[in-house]
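Listed after this line are the structures, all set down as structure tokens.
Shared between the two complexes below is chain A, which pairs with chain B and chain C, respectively.
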Partner chain A sequence: MKKKLDFSAIARSKVTWAVVAEALILLVCLFVRPEFFSISYQPSTGMLYGNLIDIINRSSEITIIAMGMTLVIALGGTDLSVGALVAVSGAIALKFLRWDVTIYNTPGDYTVYSFALVIIVPLVVCILMGMFNGFLISKGEMQPIIATLILMVCGRGIAQIITNGKQFTTQYSPFRVIGQGSILYLPTPIIITAVVVAAVALFVRKTAFGTFVESVGINRKASRLSGINAQRIIFIVFTLTGFLSGISGLIYSSRIMSNDSNNAGLNFEMDAILAVVIGGTSMTGGKFSLVGTVLGSIIIRTIVNLVYYFGIAAEATMAFKAVIIAVVIVLQSEPVRNYFAKRSSARREAVKGGAKA
Partner chain B sequence: MSNLQTAPRQSLWTRVTNPKFIMVYATIGLFLLIYLFGAIPYGDVGFTTLRTFTTLFVDNAYYGISAIGMTMVLITGGIDLSVGAVASLTGMLIAYGTTVMGIHPLICMGFALIVGVGLGLLMGWVIHYLNVPPFITTLTGMFLARGVCSLISRESIEINHPLIDDLASWKIYFMQLKDGEWVKIKPSAYINLNVIIFFVMLLIGIYLLQRTRFGRNIYAIGGSEQSAKLMGLPVGRTKVLVYGFNGLCSVLAGITYALYVKSGWNLSLQGAELDVITCAVIGGTLLTGGVGYMIGTLFGVMLKGLIPALITFNGNLLSWWGKIATGLLLLLFICIQRIVVKTTDRRKGKKRAPVKS
Partner chain C sequence: MQNDAVLTMRGIDKQFPGTKALNKVDFTLRKGEIHALMGENGAGKSTLIKVLTGVHEKDGGSIWVEGVDGEAHIHSPQDAQNIGIATVYQEITLCPNLTVAENMFIGRTQGQRVHWKEYEKRATEILDNLGIPARAKQELSSCSLAVQQMVAIARAVDMNCKVLILDEPTSSLDDKEVEMLFGLMRDLKNRGVGIIFVTHFLEQVYEVSDRITVLRNGELVGEFAIEDLPQVELVAKMMGKDLNDLADLEQVGAKHEATGEVIYEAENLSSSESRAFDFNIHKGEVNGFTGLLGSGRSESVRAIFGADRVTGGKVKVKGQEVKISKPHEAMKAGIGYLPEDRKKDGIIADLSVRENIILAMQVMKGFFHPMSRSQMEAFADEYIKALSIKTASQETPVGSLSGGNQQKVILARWLLTHPDYLILDEPTRGIDVGTKLEIQKLVLKLANEENMSITFISSEIEEMLRTCSRLIVMRDRNIVGELTGDQLTQAQVMKTIAGGEQ
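Entry: the complex of A and B
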């Protein structure tokens, strides 16, 4: 038997409204500036160029973090430390990208330490910081928002002390590939993001982990009683988020080829949480949607890119972001969704009634 | 309240030694400890003077004012991330209004008051009636306020108005009787208008929380919103008013900050919201709601101000250590909170429900 499309369920789903929002934004854009959608190939760099590519490319830092954030929010928590971890990751990477100043006096294609160290050390430190969060929240039973506030407050200070308050630059080309290179005609960050999203999706959906996360998010006590090791789940999720923040930090610092402990990852925690919520995962925990999160992250970046594209002051981005996000969250809010769901089910009832008569 | 039967008045000692104040005492104790810690090595270079003590308030009055509103919001179990942006917007409105448009600063302040309180009430309404999580709603409010701020001006605007100058330079010096004459104590210590506004708001906050039905409702909602609703308390109205009151506090914080720096800048007070939350948490307010006192917040603000003061007196440390010290303080505090909660629970002989935020 063919399953009938249930419009009321679709109207009730938050992901639907995220799709509608993104479609509407792009539709408006299509009418105002059709050339926004053009994509061109640049043979000299072997990369595709275009606003759509750029939106996905530039959203990758947030998307990667938001993958972890989705699981954190599904557990009923929040992780405020991700932005600070991005700064720490970048600071460590640039610290290891120093070169021997007695030989060269300008930045160039050389480092003292091996490139493997440049990648591994920041990630390991971020994993450790994630574990610190995870430990406080799982074993210490602290509120996630407070426990991660500690690293949020400390993190930038730590990043500054790592680099002694200095801003380093580098021209090391293998490092440049992470944020500015290309693989298969696409910018590397898109590929990294795709791999991360696929890996996280496989991990949570092909194993029982995702179900465990949802279960702990809905009722921690009941899950514990049914044999789920809630503490371990929480610990793993926060560690994973730390790791993903580290990757995001590498991409960010590779884009600017420098460390910027004040501004790197600024407000990333807010953007990541917004991406997750726009994507339809409830902040009270429980069910989550990774696809929705990717979509949410792209919506946020679309707004930013549009503001740039239409030549509006960059600082005003926040106002536009606020207005569009306000519309999205109001559309997604319970009363509004219930209203639409009721209307569509009422119409179906009416159709049924008409058929009977 | 004449129809209410009030409980027999307890003696002062019983009231003061009530175990519910234990977190407040922990804050006060820690403040005294750190003060002593600074007083021993730096006592002879002026750490223990009245001047250093009053400077704590002069430099942190705007944090304190904002923390008063934030404490109320946190007690209801909510959170408000928009305070820094609203304060910044207030400063911007005053600066742009007086310097660029030539309007009287009092009118600008009045306008800012309407904007800030209006935004607070609107956010409260969205949180309660549309059931959008406070974190997301106020985050959007923050983006909106910052964005509007940047739309007004992207550069710092100086405030040049005789009234503002008079208000900013108005000081009360501490005097002492010397040879039958009142003279300023040395080194001169003073409090200014900002400190007075802070203490007036503090008294209003204490009165509202401890002596009115409104305050009782706030604690009841924080304890359990469901129960408060079933008891027939005006949950919606109280929540909306609390966010409105916090808007008022943010605007007052913005005005005092404008008096403090005499300029408006669209990026001022970035991240202040989390500093303010940190003050409240160090002061013993629980983010799960239902617990918190204004006196604790007062000492939280003082503690937060004491750390930069210590670093200034040391003179060798990078200012970044201040952030790390604040983070460690936060960690220490949460640990104390956990231990206190655990021991009181054990005394009551019940198991603690899992933490969720």
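Entry: the complex of A and C
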């Protein structure tokens, strides 16, 4: 059976409106500054450059975290600790990027510990912290917002303790590749993000995990009575989000080749939640869309890049971002979507009626 | 209006979206009487109370209260209190970390200053006066539940109430505490307070009440003096059956006499919600738990499925001892359970019909072994046809289906797991007559043709008589009888539910 395109269903989908919003923003750019869209190749680095590439590149940290956040929100919760976990991940990575000060006295392309430790230890610690969140919420039956507040508050403190409150720097080139290198002409973070998004999407949609997450998010009692182990689902989702925050932290610290316990991942939890919401997943839980979340994250970054590109005063940045996000959210609101859905189905009725006559 | 009446309600109407909660209900409370308000859940008892206490506003009818000229207008709980209507709810609504005196006077202090010394003195007087074993300066949480309940009543009485509403005051008390409470109620009655007593414990009604008003489906069945209404007739009235009209309706199919092996057996099984009970079911048997709503029948089957926290007992499935403390473990043992509250415990409203149908089977497989899309569609299609579920498509969210079709979707969810033993708790509630019959026929077919064991619970006794070959009768959370063969008649069931007359 061939499926007919149903415009009213499309108009009702929040993802549609995320696409529309992004297209509108870019369209405005196209008229004002067409050169915004230029992409050039830099043979010296073997990488493509341009605003569009940069937007996707710079949205990586949020997109990766937002994959986990989508599932957290689908369960009806929130994870406030992701930003702090980014700081922890960076702090541990830089801790392992020490060099032998008896030989060299400036940062350079060297390290005492193996590169594997630099990558694995931060990720393991972030997984453990995610498990801590998951444990409090599933077994401890704490509200997610409260449980994750614990690590949000003390996570940065832990990062400080790890680095003795110091800011380390490094010039170790394998580490630089994570945030600043390129693979297949594209910045590495884009590739990492693509792999993460694909892996999460496969895990969630090619197993029954996604259905179970939605089921628990919509009706936990009924899910339990159908045999779903809701506690385990919740535990896995928060653990996954911790892991993803760790990856995000590695990218972030590789970009600055340093750790920054105070500012790394600052407000990432808010941007991630926003990306999920713009992507069409409701804060009350239930049905979720990973594609929508990716779009949401890109929209947020587009706005930020526009601000820089048009040289809007730094003081006005937040206000500008707020206005555009407000417009996007209004576009996606129930009444607006229903209005367009009704109009399109009314038009279809009219076409049908015309055909009959 | 009668002269000795403290409260007269006439022709009370209350409409909720989709249902008529009260339809021209009359209620009269006289001075110094304990008046039991009876009816099954959903009969309109609590709506009537809420109208009286100003939680809901009535849509029609009039209320007169002694001491108020003309009609009483009650728009808020505060209004109700001001004209002397006080309520003590099932759950104690006091502050456990305050003292008894503080609890009695909080929110009622006048002026800027609080004279705790004086309040303590007055509290002591009232407590002594009513014979409540509590001290004014004692922290409330150090009192037993019954005493806390009594303090709540003392607070109400001191507000000079003429009408005292006790909403299920005894449900969390033990027998001795109930006696204490009844003593206090009788005492208040002698002082001229009119008491409305809402409970589902039949024996307690007969112990203290003077008069009974019965509601059913939001309508008044009648008002009776306690001596004119034997317990068995009260049960009949609550269920809306006439004792003289006991002719069984035609059978929906042949009943199945169970002879096979015992599929499931529980000994002393208890859960956080149910008292310990014994139970068994044979292969291909259809049996049922019956009793009034609130008698513990749902709680019992929930214990079997591990839906509530199981606290004790031994369970054998096909002769093998197994531990069932979670739904998942019950499912592995071959048990399925269709819950009583379809909306809260059954459907996953925003998921599609397809996803709802395959859910339990997918859970059994584990999420790393997903069913293919075509497999899911084939299963969903099969059961949509077999149970004739009316839905626009497989992808329609189940929440947009009618009640009966939602119920069939959950039924399909369990049938797909091919359980040996299926528990159906109120599968026919709130659905149209045609679907009710379909479900009953299906139950008998499953038992006869597939040798499935089924426990069937319904508020409608005819349905159970038509389908079950054995009925387990419950009252006040205990099993009080088991009926088989010739005993399976409405009269016998009601007698057993009412108790006393064997």
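Side notes on the structure shown:
The working rule: the second predicted complex is superposed on the first by the 344 of 357 C-alpha atoms of A that agree within 3 Å, B and C clash if a C-alpha of one lies under 4 Å from a C-alpha of the other, contacts with A are read in each partner's own complex, and residues count from 1 in each chain.
FYI, a contact is a pair of C-beta atoms (placed from the backbone, for glycine too) under 8 Å apart; a residue touches a chain by one contact, two chains touch by 3 or more.
The structure displayed is predicted, hence computed values, not measured ones.
Overlap between chain B and chain C is detected when the two structures are superposed via chain A. Of the two partner chains placed by the overlay, only chain B lies in contact with A:322; chain C stays clear of it.
Applying the stated contact rule after C-alpha superposition, one finds that A:78 touches chain B and leaves chain C untouched.
Within the superposed three-chain model, A:287 lies in touch with chain C and out of touch with chain B [touch as defined at top].
Of the two partner chains placed by superposition, only chain C is touched by A:225; chain B is not. Once the two complexes are overlaid on the shared chain, A:215 sits against chain C while remaining clear of chain B. More residues of chain A are touched by B (comparison of chain B with chain C). Once the two complexes are laid over each other on the shared chain, residue contacts for A:330 go to chain B alone; chain C is not touched.
On chain A, the patch touched by chain B and the patch touched by chain C overlap at residues 221. On chain B, the positions that touch chain A within their shared complex are 79, 81, 126, 129-133, 135-137, 139-144, 146-148, 150-151, 154, 266, 274, 277-278, 281, 287-288, 318, 320-324, 326-328, 330-331, 334-335, 338, 352-357.
Per the touch definition, chain A reaches chain B in the complex via residues 76-78, 80, 136, 140-147, 149-154, 156-158, 160-161, 164-165, 220-221, 230, 270, 273-274, 277, 283-285, 313, 315-323, 325-326, 329-330, 333-336. Of all residues in chain A, those touching chain C in their complex are 206-209, 211-212, 214-215, 218-219, 221-229, 286-287. Every residue of chain C that touches chain A in the complex is listed here, in rising order: 305, 307, 326-328, 331, 337, 339, 344-351, 355, 359-360, 362-365, 367-371, 413.
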